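Paired with subunit B in one complex and with subunit C in the other, subunit A is shared by the two complexes that follow.
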Partner chain A sequence: MKRIKNKIEGVRPFNLFTLRSCYYYQTVAGLASFGIPYENILMGYLSFPQKNFQIEKKSFSDKEMGKIWGYKSKACNLSLRGFLRNIDKHNPVIAGIDCFYVESRPEAYRKKHSPHWILVHGYDLDIGIFDVVEQDYSNSYKYTEKTISISNLLYGNIMYRRPPIGRKKACRVLIKKRIKGNGIKKILERIGRGSFEQAQKASEANLETLKTLILQQNASIQEKSPEITAYLKEMKYSFSIIKKIEIFTDTPEKAARISFIVAAYSNLLSVFWKMENKKDYGFAFRYKDNIIKKIDDLLIAEYVTYNDISEGCKCWLKQ
Partner chain B sequence: MKEKIIKIIQEECALDEEIFEDTKLERLSLDSLSFIEAMVKIENEFDIEFDFEQTDMSNWDKVNDIIEKARELCDEKNKE
Partner chain C sequence: MLVKTIDLSKYCNHKLLYENIPTDGTPFGLDNICILKQDYLSRKKDLKQNTEYNCRWGEHDNVVCDMQSVMIGSKVKRWHFLGFSYWGNVNELFRVLYADGTESYMEVTFVDWSQPYIHDPYETIDNHNNIVEDIFNVVSTGEKIHPIYFHDSIVMTQNEKIVKEIILPNNILVHIFALTIEY
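Entry: the complex of A and B
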């Protein structure tokens, strides 16, 4: 008898903080059904501070991550039959949509053309719905499991290939493969233990420069503000990732220290966003005592944390 | 003041939201940057200034906390 209802077990919406894009959120959610913890995938998205508020992103491509963690992300276009067949084989499908045509995106539906990715992991042909992982609205941190009408999703998926979005391949099928070797060790070997030591030195230099700029209260802070804002954002995201990786937070003290670092970068970022929004670059100077204290505490916390991470890597690479 | 602040926050939310004084900020369709924009509008509306820790959304719990703080800052300004 033909199956008219199926759902892949183990899919877990990932909604802890903003990652690079919806595509990565959906990849993380889908790979959970293969038993791949999200921490493993997150390790491929670390950023490393360089001097002068620059950032080096040691990111891994889909293909590289697939080889390390034992999966393949196959680009293709699918009909309804293709979606159903893949779900029946326990292959989650990440479907591209043009939000203009999809009712579940109220902020964009019939308002603006916006490319987006949705994870499809189940279906019920009786009532005509797909089970999906989706966020509530653009920039939302909240990804949850929802249902969406089959016809509406397929239409949005087809229109993803038409102008103005106009992408050639509208789907990515996640296929489980065999994992070879220790994935964490491979990632750390690629990143290099020395990267964390260099990152600590670069970050320290940047934070000291930031203190100087705030205290000087001259045009330099305004000139460098866009660069500093981008840098603080990347540092916040990078430590948010580190916070989720078990090998870096194996004691409550380490976890608390990293939480403090994330909060401190979030606060500093908010300050720079506000100064740019109001064009009031004297704001940081008016609260310089508290901000300098925050930066000093951050310097200490980062020094200890980077040292912990470096030692942790040493142990892992010896295994 | 309460109504103005609620209206400003509503305008920055990505979705149409029903907001009350005891609404938790984390439940709103408001990201960190939109929150800053709301706070700047509130500052401009009442000619007040929130301090540097108050720019960060994670340091606030409910809408009423912002209303109360704004009221306090206005009172301080009026005393000067």
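Entry: the complex of A and C
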């Protein structure tokens, strides 16, 4: 007999910190229904500092992550029947939409074309709704479980394939597969222990340059400010990810140290936001005692943390 | 639980609350934005009535965090930091020193003064022992006029030890107006 309603349990909206795009938020939320914890997926989103305030993102493709953690992300186009069939098989669907056509996206609805991804994990045909993970527009941009009109989502999904968005495949179906081997070990092998050692050296060089720029009090801090701000933001988010990965925070001391690093990058980022917005590039120099001490403490905390991570990798890679 | 307000008078090192806008050309408040006493006193009723906050008036009225050591001398079940951060939210780390010689770290979430607390995935506020409550907002005066939100950054602990003192973080963009503990 045809089902009227069904819902995949176990999806977990992700709100801990900024990920790269809505697609990543929906991927981690959907994979939670397979019992794959956030932190396992987050390991694939780490960024690594390079010299001269550059960042290297060690990107894992969906295919690679799927092989490591036991899932497949299948790109396809789905009709209503396809959505229902996948939900009945416990396969959450990440649906691309053009926000111009979707009423639950008030910032863009009938105003501008913009691509977005929504996680569909249930349906109720009696009242014509999909259960989705989507941003809560009533109070915040927090991702939450809510319902959305089936007809409106399908319309937005079809229009995702038409210009101006014009993507060929408008859905990603998450399918559970068997995990082969140790996922953490595989990710660390792929990243390579050496990456953390290089990251420590590059970050140290950048923080020393930052100290020099602050103390020189000349135009170069203004010139480099946009680049430094972007760098500090990436470092903050990269350590926010590290903070959530249990194997890197297995003692209170390690966890506190990483929390300090995240706070220190937040603080430095705020300093640069303030300097840029107020066009007051002497601010950091006026408070140099506090800021230089913050950077010195950050240098020590990062040195210890990167060494801890590197040693942790060594143990995992021996297993 | 019993409530105790901690006297921050000797730690205050910044002024945001003024009788009148200074006219002598010297910088004031935060980037020449301040709160007038009349606005502060005529604000709408505080959202939360059951916690006592000991705010100050005078030469200095708030604490810019500069690694000050604040004496506590009590067990603490719940910390209330009334204040805000400037130029973005931050989870700051406080060092807690106990009477028995041990120590630990406590993360406190501070929310920007220009906004009410709204969970925002674009910022890093993820400590589950922390709650942030908006206590009141007051309109600013000076270079910019906007609501200034005072938040209660609450931290719950399970520790039974007597806290001797806490060391504030080194963050010149975090402002604390009052500290209340429940024990």
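We take it that the second predicted complex is superposed on the first by the 314 of 319 C-alpha atoms of A that agree within 3 Å, B and C clash if a C-alpha of one lies under 4 Å from a C-alpha of the other, contacts with A are read in each partner's own complex, and residues count from 1 in each chain.
The definition used in the following text is that a contact is a pair of C-beta atoms (placed from the backbone, for glycine too) under 8 Å apart; a residue touches a chain by one contact, two chains touch by 3 or more.
It should be emphasised that the depicted structure is a prediction, and the values quoted were computed from it without experimental measurement.
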{"item": "Fit or clash - subunit C, subunit B, common subunit A", "value": "clash"}
{"item": "Subunit B versus subunit C as contact partner of A:S240, first or second or both or neither", "value": "second"}
{"item": "Partner chain(s) touched by A:Y25 [first = subunit B, second = subunit C, both, neither]", "value": "second"}
{"item": "Contacts of A:A256 with subunit B and subunit C, given as first, second, both or neither", "value": "second"}
{"item": "Touched partner set for A:P106, first subunit B, second subunit C, both or neither", "value": "first"}
{"item": "Which partner reaches more residues of subunit A (counting touched residues only), subunit B or subunit C", "value": "C"}
{"item": "Contacts of A:V271 with subunit B and subunit C, given as first, second, both or neither", "value": "both"}
{"item": "Touched partner set for A:Y143, first subunit B, second subunit C, both or neither", "value": "second"}
{"item": "Which superposed partner A:Y287 touches (first subunit B, second subunit C, both, neither)", "value": "both"}
{"item": "Where subunit A meets both subunit C and subunit B, residue numbers", "value": "18, 139-141, 263, 266-267, 269-271, 273-274, 277-278, 287, 290-291"}
{"item": "Subunit A contact footprint on subunit B (complex, rising order)", "value": "14-15, 29, 31-34, 36-37, 39-40, 43-44, 49, 51-53, 55-59"}
{"item": "List of subunit C residues in touch with subunit A within their complex", "value": "31, 66, 85-93, 104-105, 107, 118-124, 126, 169-173"}
{"item": "Touching residues (chain side subunit A, partner subunit C) in the complex", "value": "14-18, 25, 139-143, 236-237, 240, 244, 252, 256, 259-260, 262-263, 266-267, 269-271, 273-274, 277-278, 287, 290-291, 293-294, 297"}
{"item": "Contacting residues of subunit A [partner subunit B, same complex]", "value": "18, 106-107, 136-141, 263, 266-267, 269-271, 273-274, 277-278, 283-284, 286-287, 290-291"}
